[in-house]
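Multiple structures are listed underneath, in structure tokens.
Common to both upcoming complexes is chain A, partnered first by chain B, then by chain C.
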Partner chain A sequence: MSRITKSKTIKIDESVLLCKNGCGFYGYPAWKGYCSKCWREVFSKESQQHDAAKQKRGVQPFGRRQSPQPAPVDAFSKFEEKKKVQSEKRKQTVRSIFKKSPQNTLQEPMAEKSVRKVSAEIQQIGEEFADFLKSLRKPEAALDASKQLKYFIEKIQGMPDSPVEDLSESVVNFYQSLSDRIHSKSIYKGLSQESVDLLMDYAEKYLLIRLYRVLFCPLTTDDEDKDLAIQTRIRSLHWINVHLLDAQIDEQQGNVAELIEKAITSIIEMDTMKAPQQKLECIVRCSKSIFECLRVSKGAPASADEFLPALIYVVLKANPPFLQSNIQFITRFANPNRLMSGEAGYYFTNLCCVVSFIENLNADSLSMPQDEFDRYMSGEAVPHDPTKQYSCEGLRLMHQNLSSLGELRSQLECLMAEALQLQQDNVDFKENFKREIGAVMLRTPLVLKPRKVKVNIDEEEDSDVSSRLPPPLMPEVVGVGGILSQPMISCNTQSSDFNESNNNGHSPDPVEFGEFSSHDNPL
Partner chain B sequence: MASSGGHTFKVVLLGEGAVGKTSLLLRFVENKFNDKHLTTLQASFLNKKMNIGGKRVNLAIWDTAGQERFHALGPIYYRDSNGAVLVYDITDEDSFLKVKNWVKELRKMLGNEISLCIVGNKVDLENDRHISVQDAESYAASVGARHYHTSAKLNKGIEEMFLDLSKSMLEQSNTHSAASGGSSAPGSRGGSTRRQVVTIVDDDDRPERRGCCSSS
Partner chain C sequence: MMVGPDKVDLKVVLLGREYSGKTALAHRYLLQKFNPHMNYQTTVGAAYGARKFEVDKQTIFMGLWDTAGSERYECMSHVYYHGAWAALVCFELIDRESWLRARHWANEVMTRGDEGCKIYLIGTKADLVTEPGTPRKIEYATAKSYADDIRAKYIETSSKTGQNVEEMYCMIAEDYVADMAKKTKGEN
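What follows is the complex of A and B.
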């Protein structure tokens, strides 16, 4: 080492080797010519400026933004479900891709990778769309529609940083202009209303799946913060039960617990879907399960008075990932017609109501005193649930299993009885059969005699063919005309005679034709 | 969708819990469908097709949760709606006060674009009446709404009420599209532009309204 420095001192002036700060210590190229101490100082100052600049642009540094997150995670680690961890992990990766990219030179390969990841889905919808366009049998219309879409997608991709309101407006305007185009342009003439609706539907699906990365939870909004806020909020409301909400769900009854489970799965699934239609389908599925379970609990079709509390309960139990982002995505980019009046729109509106209710939930909305509410919120107490006989999920499951086992047993007994009955029937049948056969045997012993006679005939056939053979051939011969006792050979001759006579019968025809032609000629 | 030939109207059903909104709704839809078709899983969102003066009208009727605790969610339900049916129980004064609140709110949020029907339900309990016919009718007239008496139990006045509401919404939409120079697809165009306007109003108004609500 010393030798190297020595050789360097020979070549380079000492001032270059010294710290740039002029503190007297030696500098080092890796520290940009500073000594270790000065470098540390300079570096920290620089990174602070960097952060400040980033904050000015409204982009918070990645690490800082994450820091508030671990606290609630730790505090509620017990209630932390796996999915939340996963969703947060995902969020981190998503965020790192988005947030770092403006400054990071590595952005391009990363972005490419992420595009490649979702491309399977895009490809699938692309193929579906292409198949649909082909099925229209209108090549010009198909070409025009796909051109419009392509152009619009490029346009949106070209403006990733514009405010989300603008994006939303242009997407909605695009639906409108596409719809106007379909209704006014001649190349689309002749399409049935059904195919027009389908075309619009596919266009929307394709467009939003293609642009999902840009439009879902965009950088320019605080959707992500809202997602985290509602998630934390729901987590802190874990103690709310069916009775506090007046939801008429009787989880002890029938398959209600199962239906609730189904509803929860459906609402969580919403985030895995890309197109608003698919997301709405999940909401509809969830709502249908809830209605089913209310019908089981109540025995009558449920109204909104019962549905809304039940949906609140399901959302609280499910804590769906990216809830706000999903709602915002649907509100901003789904075809407004869909949300205005359809059934899906109704359920979606209810979901919006649920979110708003959860955000603003207080002691009043549960009609309980403030201090009680505070105690539950702080985790000091857990509200009493009168129908929950089992404090432990395992016991409830055991009870459920026991009852289903009992059911199985009774079914088995029923089956056994039936099997015995069947056995008895079998035996009876056998007896009956035997008896019948015996009776028949007794009644018809004579049947055997004609058979013996027949056998005799066969034997005689060999010896005397001409006298005994004809009877079996009778039907063939009858047509020709009563020659019953003739042997086989004579039959054949007879049939050939018949053929000849047929020919004779036909013979007049040519003569007739001849006559006609002779008549025709003079004319 | 408006493009499917006829008009589609969104109608919200507002009213306190237990005034009979749901029975009203079920009764209305049940009339058209016979009993065996009413295997309805739910009675909160129902579609009803009607024919008014040769025009096909599709009513999408949205039931809303009537409990006091959900009152603040009203704006989310009734945004973009063309009509509202405000139901009160003639034997229950509170429910009538509630209707007055709704009317005030609706007029504030949606202006005169929305057709209102005030409905006094349970006229079969005439003996227990607490809201006088005159009061109710004069109030309705003062806010530009029509007033009806119905009974879901006796199936009285319901069909008529929805019919009149549809007519009024049809008129409303015609004047609206005429005013905006409605083109080939007046329904959907009007809808999409209105949607944006209302969204803005709603965003501005929501915290403020909630504030006043929680203070009262």
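What follows is the complex of A and C.
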């Protein structure tokens, strides 16, 4: 096994992906973990045992029952698979394993669940569609549209064995006739262009989610064989790196590796989606991540010249499950307008090109001599990758983690230093504060003054105080001295009152006030 | 300026060798400007873009598809121009090699493209022709007569100065509207 693959993939128990019969092909949850051929065999046995009435829905009764094959077969197949895994050690990208294995390892409960999940999906889109129709506020149009759809779905369900080309044609014709109907029938009048577009969109989504089982990878086609062929092909091309493709991806830089992983995840997610819109969204998301990653790598937005090689690289790394089936499903049943133009159509076209490039890839397409290509294909040699410093993904991750930990540490140290500084500042501040207060206290000592006693004016007359007071003013006298002398007394009392209440404060000159108070309170 | 992905009336494909000025044309299309320092902040990638054009009170949305020009991917290029209303075949005015490739592309489109797919022959980097050190390699008359032979239109552009770029896109939009009018007339 090459070192390159080891660096990019991990070992897994591939038995969880393979057909339960151990024939070497991949199993699929919808077929209870068998590949399509074995499933057909098992299914025909099944149907012989049971009466024809129950066969109508194929998977449904089958999913409920436990496999009629006795346990030994199962055990044997597992043993076979293990042997196969050990001898071949075929590998899969990390993500596709994560996606696929849970479905298969929990085979029995999941098979039941997936049936339920599908119906839940149908229910959800049904509800969404119904809500949308309600929001149109055109009950007649809504009724007509849903009638058309219902009729058409029944029609398609009634012809499961017809060639896929016919099915595709009927579906595409249905879009056209529905669109014509919306534009010509009077009950649809008054709908905005936007609503019409949405209506068409929902119709497509609803239709294809309902009919997904019938239309995706139909048994009448060789889609599954093609899926397996491209999967094997991609696996045999594991040695191709970014340099051989001239893809300007610098995985050492910034978050490029992360963005590549994001793109890989998006493209793998495509298979989990049902409606073509959702599948196309995944492709668009994947493409956007690639553009972002190219932008980071070369510091400028990428063009188509750089995008295509990068997409090839991502598809090779992702090895998306059911790639051909998904492409075929979109090509056959999505609204053709969507694919002809528009952003999603553009990226989808690119994906189709990538697949055809991978299928036809030879020494010439990588500009290398034939014998070198052959050596890589046979696994004799591994192309040199100058940017690959690490022989294994784990090491790379570890190194990356170490560096980010180092970064974190320095950040932490910085933070710690700042915290200490802050603590020190706090202490200093407290000290300063205290010193300041001390200084102020020293400058303005607290002087307690004797309480003022209210002077009883009536008493005053009896005491000798009155003798010391200036003689009563004569009302007849109108002069400067007389006017001034009376306010002087009241002024003095006022300021001394004020002074007392402020005594604890920082009065600038207590002595002066003392004079006043002594003046006012002679005894 | 950018519009939703579903609302596009016509598809226009950019063809041509790598570095033949396709990308700059696409950038111009998306941003209506050219930055010589290749510092486009607003867009992540410039491989696809859709723009609105107003022609004779009609609104049309034109989607521009950039393609990978490397010979490596040539065998798949027909997938791109399938369903395209027009193909913009680009070559550098200062590079003979790219001119030969452009002629090849034009042939490809004529033989393998959709029937009625219009061809626009675009000579790029017209600003370099006047500069010393980069003499013109393809004379206007040569290109023009070839274009006439294949019933294509010929335009010389510069994405750097913007010479003829907007005019070219507007012309395509006008041609499209005229073409559609002709078609509906023919049907009636």
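We adopt the following convention: the second predicted complex is superposed on the first by the 295 of 523 C-alpha atoms of A that agree within 3 Å, B and C clash if a C-alpha of one lies under 4 Å from a C-alpha of the other, contacts with A are read in each partner's own complex, and residues count from 1 in each chain.
Keep in mind that, in the parts below, contacts are C-beta pairs under 8 Å (C-beta built on N, C-alpha and C of every residue); 3 or more make two chains touch, one makes a residue touch a chain.
Not measured: the values here are computed from a predicted model.
For the composite obtained by overlaying on chain A, chain B and chain C cannot both be accommodated without a clash. When both complexes are overlaid on chain A, the residue A:Val172 reaches chain B alone and has no touch with chain C.
Once the two complexes are overlaid on the shared chain, A:Lys262 sits clear of chain B and of chain C alike. Contacts of A:Cys352 after superposition: both chain B and chain C are touched. In the superposition on chain A, A:Arg295 contacts both chain B and chain C. When the shared chain is aligned, no partner comes close enough to touch A:Arg213: not chain B, not chain C. Once the two complexes are laid over each other on the shared chain, residue contacts for A:Asn360 go to chain B and to chain C alike. Looking at the shared chain after the overlay, A:Phe307 reaches both chain B and chain C. The interface of chain A with chain B overlaps its interface with chain C at residues 197, 246, 288, 291-292, 294-295, 301-305, 307-309, 337, 340-343, 346-347, 349, 352-353, 356-357, 360, 365, 367.
Put simply, chain B touches chain A in their complex at residues 1-5, 8-10, 13, 17, 21-22, 25-26, 40-45, 47, 58, 60, 62-67, 69-70, 72-73, 76-77, 80, 183-185, 188-189, 191-192, 195-196, 210, 214.
Interface residues of chain A facing chain C in the complex, by the touch rule stated above, are 197, 201, 246, 284, 287-288, 291-292, 294-295, 300-305, 307-309, 337-338, 340-347, 349, 352-353, 356-357, 360, 365, 367. For chain A in complex with chain B, the residues that touch the partner chain are 169, 172, 175-176, 179-180, 183-184, 193, 196-197, 246, 288, 291-292, 294-295, 301-305, 307-309, 336-337, 340-343, 346-347, 349, 352-353, 356-357, 360, 362, 364-367. Chain contact summary for the complex, chain C toward chain A: residues 5-11, 14, 18-19, 22-23, 26-27, 38-40, 43-48, 50, 63, 65-70, 72-73, 75-76, 79-80, 83.
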